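A quick write-up on the structure given underneath.
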Amino acid sequence: MLLHLSTWAEVGQYLERSRSIVVPIGSNEQHGPTGLLGTDWLCPEIIAYEAQKSADILIGPTFNIGMAQHHLGFPGTISLRPSTFMAAIGDWTCSLAGHGFEKILFLNGHGGNVASIEAAFSEIYAEASFAKRRSGFALKLCNWWDLEGVGELAREQFPTGHGAHATPSEIAITQWALPETIKTASYAPQIAPSGPIREALEFRARYPDGRMGSDPAQASQEKGGALVKLAAQSLIREMDAFSSESVPG
Amino acid sequence: MLLHLSTWAEVGQYLERSRSIVVPIGSNEQHGPTGLLGTDWLCPEIIAYEAQKSADILIGPTFNIGMAQHHLGFPGTISLRPSTFMAAIGDWTCSLAGHGFEKILFLNGHGGNVASIEAAFSEIYAEASFAKRRSGFALKLCNWWDLEGVGELAREQFPTGHGAHATPSEIAITQWALPETIKTASYAPQIAPSGPIREALEFRARYPDGRMGSDPAQASQEKGGALVKLAAQSLIREMDAFSSESVPG
Amino acid sequence: MLLHLSTWAEVGQYLERSRSIVVPIGSNEQHGPTGLLGTDWLCPEIIAYEAQKSADILIGPTFNIGMAQHHLGFPGTISLRPSTFMAAIGDWTCSLAGHGFEKILFLNGHGGNVASIEAAFSEIYAEASFAKRRSGFALKLCNWWDLEGVGELAREQFPTGHGAHATPSEIAITQWALPETIKTASYAPQIAPSGPIREALEFRARYPDGRMGSDPAQASQEKGGALVKLAAQSLIREMDAFSSESVPG
Amino acid sequence: MLLHLSTWAEVGQYLERSRSIVVPIGSNEQHGPTGLLGTDWLCPEIIAYEAQKSADILIGPTFNIGMAQHHLGFPGTISLRPSTFMAAIGDWTCSLAGHGFEKILFLNGHGGNVASIEAAFSEIYAEASFAKRRSGFALKLCNWWDLEGVGELAREQFPTGHGAHATPSEIAITQWALPETIKTASYAPQIAPSGPIREALEFRARYPDGRMGSDPAQASQEKGGALVKLAAQSLIREMDAFSSESVPG
Amino acid sequence: MLLHLSTWAEVGQYLERSRSIVVPIGSNEQHGPTGLLGTDWLCPEIIAYEAQKSADILIGPTFNIGMAQHHLGFPGTISLRPSTFMAAIGDWTCSLAGHGFEKILFLNGHGGNVASIEAAFSEIYAEASFAKRRSGFALKLCNWWDLEGVGELAREQFPTGHGAHATPSEIAITQWALPETIKTASYAPQIAPSGPIREALEFRARYPDGRMGSDPAQASQEKGGALVKLAAQSLIREMDAFSSESVPG
Amino acid sequence: MLLHLSTWAEVGQYLERSRSIVVPIGSNEQHGPTGLLGTDWLCPEIIAYEAQKSADILIGPTFNIGMAQHHLGFPGTISLRPSTFMAAIGDWTCSLAGHGFEKILFLNGHGGNVASIEAAFSEIYAEASFAKRRSGFALKLCNWWDLEGVGELAREQFPTGHGAHATPSEIAITQWALPETIKTASYAPQIAPSGPIREALEFRARYPDGRMGSDPAQASQEKGGALVKLAAQSLIREMDAFSSESVPG
């Protein structure tokens, strides 16, 4: 069930049978010579949409702009500052918790978001902790590549050249879902360099075409489809476990 | 051209021929008994996507959560505080301006966003104004219903019961674009009441089913399609005029 | 009754008979070759002071600095950033609501304030809305030129050359109240140009003497007096209506 | 010369002969049984207006709401939080410095403002200090009772019962300037208690009628006039010294 | 008793016998040719540690970075902006108050901290004051040189050349506690100049070696020891009085 | 070399031979029945102090309060909110970078700090990235247990019951450095439970004595000493590598 295509009354009915929701969250940032700028928010959206086809899971709207300050040297990247990102995650959470959602899982598609999302969670929990009261909800961050079995499949599909940014696995997922957007390029070197991530101009000097450690040429629609199917099933199990987790008293 | 389905290199090439971009912006909020929670971000997205099919316009990702604090009494509404919303608009703008975009038009789908977006523009401009330097870019807010001819068509289509929230025009647009999501309900009263907008619980007490002054039953796919076609053509002209506007020295 | 010339006990007694207050709010900014820098806070102050002479209305201190970032290219302009302005409006409101004021009307003298004031209202209401509680008060923004009959009188007095900034109507009001400050100049062109408002340096390039669309030479003390008298009576009626408005439960 | 009664061109001309400005700053807060709520912003305004009658000093608009959180237990008090107050002082300063003012003196009328104003100055200077650049302006805080000779005169006028809040000296000043607002009351005890200042409810419990250590019955118009005359002359000398102070290199 | 060398259970037991705590607070900033960068946080830490040897006083961890923006022109200085400093003091206070501490004394070692600490206190109290509730705790700022008798002793020890920064008294205290860190230099002039404090580059231009009005050559371990012993005893009395102070209401 | 025991001139000389600095950073929070509240800032301080005895490394003052909101249910814990923590890290960094430090390593002692520190780094870098300029410095976060070989040694020393909070390794380090503070207790269960970390009251319900997965009884001074010696040598190598890393162009 997609929240944005539902009415408020339908969401009200859903809340009578479940207090859980999945929020796809990602980033809009350069993904190398062939990757889509939307890759990191499209991947969790694709997986979450697939999952709700076979399970009664509510999927929130996609949080499509994340923390991508290091990619700002490449045209088309849009980034929030961590402080803005955290404030926005707080408002999303506060909105959802106010409706009675008690288990909110952010299905993340961008490694660069992780620290800011976790810091946002702590900021939100701190309100309750400083006030010596219960928050009433639990937040969970889950990267799609950490869903059960997904990392293993990606390593099997791409034993070399998976890398850390503009990876063949994420590009395969968008190829499967959006075949009309498949782009090609010749890569030099075939596997991009690796190294630290700091500010945007240093990033572009280190990684001239935007890739980090990856060879996106290995992506294929078939591999993408296999990843999505597996991730969707793992997400359903993840939500089952999260929803049924009891919080001590 | 859709930014999120493009590569950074493609956006770089676009910037060589144009410095303009459209950002659909809306809200995820209750829209009465039959309106989709995503109505306000879907409408500008639908119009903008339609426009770029027949003109070389770049459409950014959709800013899908806006200022909807007054709708928080209804399940599914997600709102940013004005201060968060403004900070996020600032970061989007700063990201885009950094790439060289000089004319940024926010195509808005939610009346409740207007004040916060304009305040955000002033906050952004103030950085330059306090520092006695030029900003280097121009921002424009355009509600889709204010695009040339659109308000007139809506008034013609819905001479009574158009109202101010969960209007038949916006619902018609989502019906045209997403016919599988059409919902029906019986409305009592047929035309909802009108009045002021303050905090969420007062809002729900005033407007029990979420509508304000509207009769969404008048919506139809055909009317929605006519609105989209007209709005898309007006948006193209609007962007032509905005792009070619020269800024004094 | 002027709050700043009263004691706390007198305000306490007022609160036993009324829960309403008017706060004049404006801006300190350039007003063309002859307009006073204080025009925009003087006008609502003059009108509010006049109104309380013939009605039991409490007038708060004047909020004299508003959102005038676009006028910072002209000496003497003092502006708050929208975010600062909003925080200050929040603190004023929270102070007044804490004393038991339930209807707070901001009588505004500056068009550039409107978006920020409305965004501030939403920010204030959002505290209650996110917390799922009632705010306990209602806020109203009222521009003096929107008071009943005032706009009509101004259009009658100044059928051409009223414009949008440094208007003959606002200058007439200060001329009536502060005749010793009347200044003269020759205007070229007689009616100033119109156009968009962005950052301060672009503003000064577009509007070299500070006027927008106006011909202040048409102002006179007599016209100002007529405007003040009418506005004061309309304000009294506006406050009567606002004070007696019941808020649903 | 009063900035708010001048045009931008007149301020521009003033800047050619001086780079200094006085900003009266105070608070709107309870002042005991007979003191006006506006006492703390009226006093510096009265003194500054008096001073500019006999010297070419520019007086900015009055900053009329300050840091009075401890007085919020009494009706009519309006306070900014320190953080809001500091942000606003920053925007005032940045506006004025942008026009070329190099010496900005805040003539303060409220002891409770001192820490926040000084913290605001440090916040403003820190921008330059962190960036390793010069600020280009000097800020000075001057309480009117610290102007040369003024404290001595007040101690002479009120050897006992001057106290720390709702003092006879400040009340005398408003009596002199606004004789129509003089109020009377019987005080019990004649001299109010003294003690610490913390939050508002504790404050009201300690100081039930709002006075701290003072006996306002000793105020008179004559004493007020003497204080104003002396303070105005001292302010002129203070501004002379401040304006001519050279800043090392 | 030192909090950081205790367990949570030990602090829990302490709270059963006392609700008071001392937090040493200072700054890490240049202290002239021979003063340690840590002088301002070491001094209150040394005094507080000494005091708890002979009294059942709980000493919190040392808040070692304060408001030293004016010293940023000298290597090694680390400063918080006032706004950051205030937020941090708020979080420390909120943490401690949440555990039940009702009397929190900040023993301060840096004059430049005073305004920001007091503004922070007001910011914290304002939460309660705006909400019309009691805060439940009292905050006190105490500079170590204002402890009973300490200023007198310092003036006796250093009748000339005590000055305002890099004073012989503070340097003597670190010499007594950390004799292995004693440094020597020849001072020119022997007594440093005095003047205003603004931004960092102006500060360094005025005070080239970092001292203000002081002659640190007069410091000695013996004098430092005498100051520490006296200050420690005064702190114990100060805490006794503060702890036993009853709060009305 | 310890910055806080140096003069500004000594730091200035150090900067001529190195542009690197280590900042110990931790938290003041409960550490189970026997762990010191200061454990997490003492450990990196102990290691860093040890390292500078045998290498020319500059150690900054210890950042002793971190992000410990989840421990606020236990007396003595002091926490910053993530947003405050990030602002403070920003000011520390900006202070140090302003002096010319180009490689700043935060040696961290608290797992709960990691997300906020990394988010802070991104916030700092974002200033440069949005402005399209180089930052001029590199930031590195290094947990002491991630220093080369240290994790391996800890796993060898404590093959079971190391856990995630109040670990025998961190307690061993404080035992070695501060033998007078060694505490004992009987633990039930011997190895504490594991699970998620959310707000403070839930945390205390899950982990009643504060430990997570650990058996601190296995700690010993000898094991602590071995950890410190190894960590100090690894830190020296880490700083060598970091200092000599060249940043591309």
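Observations on the structure shown:
Just so it is clear, A, B, C, D, E and F label the chains in written order, and each chain counts residues from 1 on its own.
As a convention for this text, contacts are C-beta pairs under 8 Å (C-beta built on N, C-alpha and C of every residue); 3 or more make two chains touch, one makes a residue touch a chain.
This structure is a prediction, so every number in the text was calculated from the model and none was measured.
Of all chains, the one whose mean C-alpha position sits at the greatest distance from that of subunit C is F. The pairing of subunit A with subunit F is characterised as same-residue: of all residue numbers used at this interface, over half are used by both copies. Chain centres here are Cα averages; for subunit C and subunit D they lie 25 Å apart.
Centroids built from CA atoms put subunit C at 47 Å from subunit A. Taking each chain's centre as the mean of its C-alpha atoms, subunit C lies 54 Å from subunit F. Counting partners per residue, subunit A has 72, 79, 81, 83, 91, 95, 98, 130, 132 as the residues that reach two or more other chains. Screening every pair of chains for touch gives A-B, A-C, A-E, A-F, B-C, B-D, B-F, C-D, C-E, D-E, D-F, E-F.
Listing the residues of subunit C that touch subunit E in their complex gives 91, 94-95, 98. Note for the complex: subunit F touches subunit B at residues 130-132.
Within the complex formed with subunit E, the residues of subunit F that make contact are 3-12, 15, 28, 30-38, 41-42, 60-65, 72, 74-81, 83-84, 87-88, 90-92, 95-96, 98-100, 178, 181, 183, 210. Listing the residues of subunit B that touch subunit C in their complex gives 67, 69-70, 72-73, 79, 81-83, 86, 112, 114-116, 118-123, 125-126, 128-130, 132-135, 138-139, 196, 198-202, 205-206, 247-249.
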